[in-house]
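To keep things simple, chains are lettered A, B and C as they appear, and every chain counts its residues starting from 1.
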Amino acid sequence: MNNSIVVVVLASAVLYGTPLLYAALGELLAERSGVLNLGVEGMMLVGAVLGFWAVQRIGASTPLVLAGAIGVAALAGAAMALIHAFLVITLRANQIVSGLALTLFAGGAGLSSYLGNDLSLGDAPARHVFRDVNAFGLQKLPVAGPIVFGQSLLVYASWLSVIAVALYLSRTRPGLNVRAVGESPAAADAMGINVTAYRYAHTMVGGAFAGVGGATFSLSITPQWVDNLTSGAGWIAIALVIFAFWRPALCLVGAYFFGAFAALPFTLQARGVTVAPELFQSLPYVMTIVVLVLVSSRGARLRLGAPAALGTPYVREER
Amino acid sequence: MRGIVKRFPGVLANDGVDFEAAEGEIHALLGENGAGKSTLANILIGLYRPDEGEISLYGRPTHFHSPRDALEARISMVHQHFRLVTPFSVAENVILGDHRGEGRRFIVNPRAIERRVAGLGERYGIAVDPRARVWQLSVGEQQRVEILKALYRDARILILDEPTAVLTPQEAEALFHTLRTMAAEGRTIVFISHKLKEVKAVADRVTVLRGGRSIASLPSAEATQRSLANLMVGREVEMQGRRERKPPEARSERLEIDALWVPSDRGGPAVKGISLCAGAGEIVAVAGVAGNGQRELAEAIAGMRTPAAGAVHVGGKALRAGDPRDAIEAGIAYVPEDRLGTGLAPSLSVASNVVLKSYRSAAVSRGPLLRLGSIRARAAELIQRYHVSGAVPSTPARGLSGGNLQKVVLGRELSGQPRVLIAASPTRGLDVGAIETVHAYLREAAGSGAAILLISEDLDEILALADRVAVIYEGALVGEVDGATADVEEVGLLMAGGTR
Amino acid sequence: MIRVERRLRRPRWLTVAVPVGSLALAFVTSAVVLVATGHAPLHTYRRLIDAGFLANGALSSSLTSATPLCFTGLGAAAAFRMQLFNIGGEGQLYFGAIGAAAAALLFAGQSTPVEIVVMCLAGAAAGAAWAAIPGLLRAFLHTNEIITSLMLNYVAALILNYLIFDSLSYWRDTSTAEAKVFPQGKTLPDAATWPTSTLHLGTAIVVPLGILLAAVLAAGLWTLYSRTRFGLEVQVIGDSPRAARYAGMRTRRKIVAVMCLSGAIAGLGGASQDGDFRHLLDPRGLSQAAYGYGGIVVAALARYNPFAVVLVAFLLGGLQNAGYALQGADFPSGLVGVMQGMILFCALGGELLVRYRIRFGRTARPVVTTA
């Protein structure tokens, strides 16, 4: 039963959806503060390469090394996001161009590739990886076993992250403040909220999440380093934030939905069904466009649309 | 506040202002638009930093680096444009940024806050449903939320920037009542206004600003409206004579508006079945408090907004609904309230802006190509003829001051010999000299045969210019009076929604 | 105290000084990366410049890299001028290549001039059609064109892959058994190979037809935007859509028109790829250098000025070419991307100096009070 195609696809949807989920949660935090960061792909790749480097070069017990690698990946992602934050928040640069510049700088033909080559990381498989755990010994449970209880720690951590981000935004004071900063920086500023600090913090935390998302590839899904390892997951993550109407819980659903599209062609191929993989691979993009069109009417925007100040710099003393 | 100086690029907004307000006092800050009132207030709440001067609170020198410092010192401000997060609930807006009491907690407890907000609202007579989303509220209710924010923080000093501009007289009276209650508790209220009547009505003391300087500070009981006006303007105010009117003759209607319904941005109707005519050479005023459908009416006539029903005729011919180009070609000139952004493209040169509407004509373009030389010449001519100071044809529009911007817009709109001119608040924010110039141009345009629709909330302006006055209230015309015999009280009452 | 103020007027010298300064700063910061990873920056830079511009045949190769960047850069600049952020140049280039390849195959047997014309027309039309999707959505449904055009890049890449790798399409070579195992595009007819000209400046420099076409396009675009009614409308709509509506401009039509123009230019880049360099529909070759994204970089660095686009494309093309030439054990492959990113970061930061005046301290300058 656990080999039925539905279960296999769902289990791998969770696997492939996890990096998307991390990256989308991060992007969601940045966008909720009003900063659009198109550099997700670059941040993921730098997180992936440096996380992998940590695993290869730190000598310690596996749990310690993996924890360290995740920390390194998060820091690397945050450092990349800092560049973007400095350019768009302090220097008021165009957020779109700056985000693309970040992807160019850090991405598959940039820093991540440079580091991967310069540190000669391409030769060997990972020395430590996140293995699937048998949570509560329930891995063999029908249906739910492989999907829910047979995943790696990164998957369970991502679920905790979704809950944490959702509660943070809806129930806590900083969460309320950051939503205000994204909706109306002028109102937030007038109420004594430091708009600049909130935007920096959330952009960087967003970068850290993207870094972890990237490390999910190099430490769990395909535990090795090749150039362009994430192969466009960062862009899907950006799409996912829109697809999820900027809500963390919907990000989870969307990530597994999109993850299933990534997994389906391989699963089908393994069972001798040949379908053009491009068909499934293009669905996340096409569906995002459809959702964007559906939410672009004015009324829909008011209820569930993007943070109103998304993409615009906030300058106090200008007239 | 002593010797406050604040400069902006190209503008000296405050030039050594002194200001002092006592506890439990309603203190009016009176001045014309551009006198530096808002700048001074923004310095007091830490939004701007003064270039020179010092601020003392309760005898102690204070330096504010950000709005947060001012809030800590329990100073709050109700801005002219509300600082509300519209998708948030009232309660969420009220606790935003607060970090005392309920606000100190990391976890937000909506119920407790809603109870407190409801309690405050009842106590001060400004009840608003704490769970309502701000975008669902009327403008008056949104202002209440702003005041609730201040009360929630237990503000010692509350600054209100032109609070009555968006209110009906009844709402304004209710606001004054709330302010008096607050002052009676020992709070200081700083009331920014340029309306003499309400300053007299509500304030204990008045400080007058002019041209960025503080001119006088006196108890309002010792001042008369006329003496305040003189201080504000800096010279004896001539009550403008009414315009000489042609005797009514059999005239042909130039502009006819027929049972026009226009939707607002929010979806509901903003203009509810207005019918109105204006003849050649006639100035018809649409008087009303801002926000009663004037903007939507003007935009519908100019073709910028599609009416839900009804029609606009120029010289007997119906305009195509929602087509600005058709309106332009029918000879409708429009001076929009928003000069920079609608009337002019801010980053483009004066020359480009001068041909903003006429670039399609043969005089300006040859086939698809522009005649750049002739465009420059036109701009230079307009600059000279309308005395636009500090500009050459290549100056970007945003580099001009308000009065000069309006001269460029008016000059362009009048240069086409319009058959109809819609002027929406044409003198808002202008200084006295510029206002007189604008009025002169409007009279001149009427003299040369244009039908003019003057949309304004300034009764002095309306009575000085209009042949007929139609009063708009909540999207409908509630009365029409003859300009020559109109009575200020009567029009004012109609504007407030009263009945004769 | 540092204060940032909006400039009322932008001095002309700044528009030259800032890009040059940004370039210098980018080299300095990249040097920091090099030193940190144990490379000698000066030596590396000398090798880069040598391989990009000075070595034998370097200029010809650099022109090859610069040609597609010119097209995508012009395409991006055309749209960005109207604040229309078409970042779909990548996909529009693919579609241009698909369209041009189809035309070249269809018109097999015709003369070279005919082939060039039909390839250009088909490439431009296909690019414009792909760009029309986000354009129409933006104009009529107010859908953000940034995300839609970005998403369509991936869809276009997948379509391109599908045509060659996962189907037996018109474009795929199925003539031999080997071609069925290792899929690739049909070779275009010989007449569809665009002619080159050769410049003799010490060494022989091969100039592809594409870059000449791009230069002509740049001049055309400049004329269009600064001398015509269409250009005035584009400027007004880009600056203030409300003012454009007020002036009776047909904003929606212009949005669609500018998106199509932008897509057509990128599509021409795809046609030039087919005709100038690849001579078959080549998904890997088209996508490996990310010309579409590179074009946005070029446009941003050139501050949307068409002539500057050509110049910047040449410089970045040279850098890219040097990266390919030097790739190896002692020259990490990502370095060129790092440098390109760094140049763009610095240029973006430098933009602040053009738009704003930065003042230090409290020194007061004479202030003009305007009424």
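Just so we're on the same page, a contact is a pair of C-beta atoms (placed from the backbone, for glycine too) under 8 Å apart; a residue touches a chain by one contact, two chains touch by 3 or more.
Keep in mind the model is a prediction, meaning the values are calculated, not measured.
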* Compared with subunit A, which chain's mean CA position is the farthest off? -> B
* Structure fact -> Of A-B and B-C, the pair joined by more C-beta contact pairs is B-C
* **Distance between the centres, which are taken as Cα means, of subunit C and subunit A, whole angstrom** => 28
* Asked: Just how far, in Å, is the C-alpha centre of subunit C from the one of subunit B?
  -> 45
* To do: Could you tell me which residues belong to subunit C and also touch two or more other chains?
  => 6
* Structure fact -> Note: subunit A residues in touch with at least two other chains are none
* Structure fact -> Going by residue number, subunit B touches two or more other chains at 8
* Asked: If you look only at subunit C, which of its residues touch subunit A in the complex?
  -> 6, 33, 37, 85, 87, 137, 141-144, 146-148, 150-152, 154-155, 158-159, 161-162, 166-167, 289-290, 293-294, 296-297, 300, 332-338, 340-342, 344-345, 348-349, 351-352, 355-356
* Sort out for me which residues of subunit B touch subunit C in the complex. => 7-12, 51, 212, 302-304, 323-329, 334, 336, 338, 341-348, 352, 355-357, 359-360, 365, 368-370, 372, 390, 396, 398-399, 401, 403, 431, 433-434
* Asked: Tell me, which parts of subunit A touch subunit B in their complex?
  -> 171-177, 179-180, 183-184, 186-194, 299, 302, 308, 316-317, 319
* Enumerate the contact residues on subunit C facing subunit B in the complex. => 5-9, 227-233, 235-236, 239-240, 242-250, 357, 362, 364, 367-371
* **Interfacial residue positions of subunit B with respect to subunit A in the complex** => 8, 45, 47-48, 66-68, 70-72, 77, 79, 82-88, 92-93, 95-99, 103, 105-108, 135, 149, 267
